[in-house]
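Got a structure for you, questions after.
So that you can tell them apart, the chains are marked A, B, C and D in the order they are listed, and the count of residues begins at 1 in each.
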Amino acid sequence: MNDIGRENRGRFEPGSPREGEYIGRIPIRVRYSETDAQAVVYHSNFLIYFEVGRTDWVRQAGYPYRDLEQDGFGLFVVESHLRFLAPAHYDDRLIVETRLIDVRTRSCTFHYRIVREGEEERTLVDGWTALVCVGEEGRAIPLPAELAGAFRKKAGL
Amino acid sequence: MNDIGRENRGRFEPGSPREGEYIGRIPIRVRYSETDAQAVVYHSNFLIYFEVGRTDWVRQAGYPYRDLEQDGFGLFVVESHLRFLAPAHYDDRLIVETRLIDVRTRSCTFHYRIVREGEEERTLVDGWTALVCVGEEGRAIPLPAELAGAFRKKAGL
Amino acid sequence: MNDIGRENRGRFEPGSPREGEYIGRIPIRVRYSETDAQAVVYHSNFLIYFEVGRTDWVRQAGYPYRDLEQDGFGLFVVESHLRFLAPAHYDDRLIVETRLIDVRTRSCTFHYRIVREGEEERTLVDGWTALVCVGEEGRAIPLPAELAGAFRKKAGL
Amino acid sequence: MNDIGRENRGRFEPGSPREGEYIGRIPIRVRYSETDAQAVVYHSNFLIYFEVGRTDWVRQAGYPYRDLEQDGFGLFVVESHLRFLAPAHYDDRLIVETRLIDVRTRSCTFHYRIVREGEEERTLVDGWTALVCVGEEGRAIPLPAELAGAFRKKAGL
């Protein structure tokens, strides 16, 4: 059979911060509804936490996502990868570290690292999401030049 | 910077069915709560749909997941990859196709393909999750031999 | 202080089935994501289960909710009451019993009773939701006469 | 048939603040995952927001809910009522106002009012949840005297 080796698993290390790069750090308090019967945060919630980090990163870049939608286009998640390295628990105060790591003509990719406040060296979950820019007719379109420029500048890319 | 090329994105094609392989096919009706403001299924829900498929696959293999937990061990999701190729909508009847594609000493990997009923040739979402077997003390342990054997047999591995 | 006495708690007993009344009964398998750290179904999920029951009731009455929205109006939940009498657990097979108990000019009210399959006499959760008909401008409008008629007929009202 | 009149709907007005009463006010930013295809916050999420408010109220009273569970008892939601008066949208900054309105031998009741930041006079959603104290064997037990005392003091009851 085909083999999912480590080398092909989609893991990605974003490396050291770039010069002038903005790295988002937003706190999240784990809600009871987000835990499961194993008394840990249910894994799909980390995709939601990733989005909380991404929304805030985009806001800091000067483009509230809500405004993007009102301008008639959107950013759709088209691919994602997650590693769950250690559990998070009810009432934990987590930090989502968000970095923009790639901007292409029609897409961009964010990387996330989730840690517990006060234990920032230990990664609980990491991963990335690739997003495609979509216009009103629902088709992929180039990222607006102004947006792409602001994203690259904020990310030090 | 590092590059997330296509070749390193964690994409995986499980290939043709193996001889004797059981492929799960379980229907899911999209709930209103699972849609978002873009009027499509919010992406994190597909990890939940994957689990609905996996739970049923494991049940068909003769090991209801609930019994596993009562026997003092669990299967934890440690890594996951998803591609969102086309949107699903409210009230759609989806099918989760689930295949077990890899069994190792302490882990196993399931692959999923989500389609709309009646349009089975078109993949809406696909991806995989790797699970590790964890004992009562919370550490990775070998999959019980009986379970591993039953899994391999059911999967034609 | 004001007192929330039993008599004012919003509890409602829908009574015996009416002549010709359709009572919906739809099964739901509890998902792992719906449990919480107390190893029971997190309480907000029952509002989602209520909606699964309501959607199916409306479909059986000949008005798929999706079509309603495409015709330019919607039914918004404006009020709800729930009693949590006994817990539900992972992998339980539940039944949502749904009854339409009231139809007014601009609103209607559904009642729900959630039981475990095979133990139908024991109520786990019950409650009701009142919905208002809303037109394209977002304001309450009368229920379309055809819909109200079909609802009353199906409910034996 | 029975009638759900206004007077029996479970609505409750908590009245003016009591002398010395602590009223919790915690902000919540609406997440994309919490919206639905009508582009508003899906109604079941407000029960989750209520819990965010309650958790913080209890923490301010000096009893982090997590510690309660570690001491071998819990507070289970047994009944709830919600009114949805106006919609909330993606990225809105909401405030959950939480008040403890009743403490009895084995139960207590919290009331919530959700508003948009900067428009505090307009209620979007309000409601209450009644909770019962449950011991390790899963049965209702009296609230520990120290807890009940601290709750009453904080609430000005």
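Everything that follows uses one rule, which is that a contact is a pair of C-beta atoms (placed from the backbone, for glycine too) under 8 Å apart; a residue touches a chain by one contact, two chains touch by 3 or more.
Fair warning: this is a prediction, and the values are worked out from it, not measured in the lab.
Participant: Which chain is most remote from subunit B in terms of Cα centres?
Facilitator: Farthest chain from subunit B, going by C-alpha centroids: D.
Participant: Consider the two chain pairs B-D and A-B; indicate the one with the greater count of contacting C-beta pairs.
Facilitator: Counting C-beta pairs in contact, A-B comes out ahead.
Participant: Return the distance between the CA-based centres of subunit A and subunit D, expressed in whole Å.
Facilitator: Once rounded, the distance between the two centres reads 31 Å.
Participant: Cα centroid separation between subunit A and subunit B, in whole Å?
Facilitator: 22
Participant: Round to the nearest whole Å and give the separation of the Cα centres of subunit B and subunit D.
Facilitator: Chain centres of subunit B and subunit D, defined by C-alpha means, are spaced 36 Å apart.
Participant: Subunit B: which residues touch two or more other chains?
Facilitator: 32-33, 37, 44, 48, 90
Participant: Quick check on the complex: what are the subunit D residues that touch subunit B?
Facilitator: Going by the criterion above, the answer is residues 32-33, 35-37, 39-40, 42, 44, 89-90.
Participant: Considering the complex alone, what residue numbers of subunit C touch subunit D?
Facilitator: 1-4, 7-15, 18, 37-38, 43-45, 47-48, 69, 74, 76-85, 101-102, 109, 128, 130, 157
Participant: Quick check: in the complex, which residue numbers of subunit D touch subunit A?
Facilitator: Residue list for subunit D touching subunit A: 29, 31-33, 48, 51-52, 55, 64-66, 90-91.
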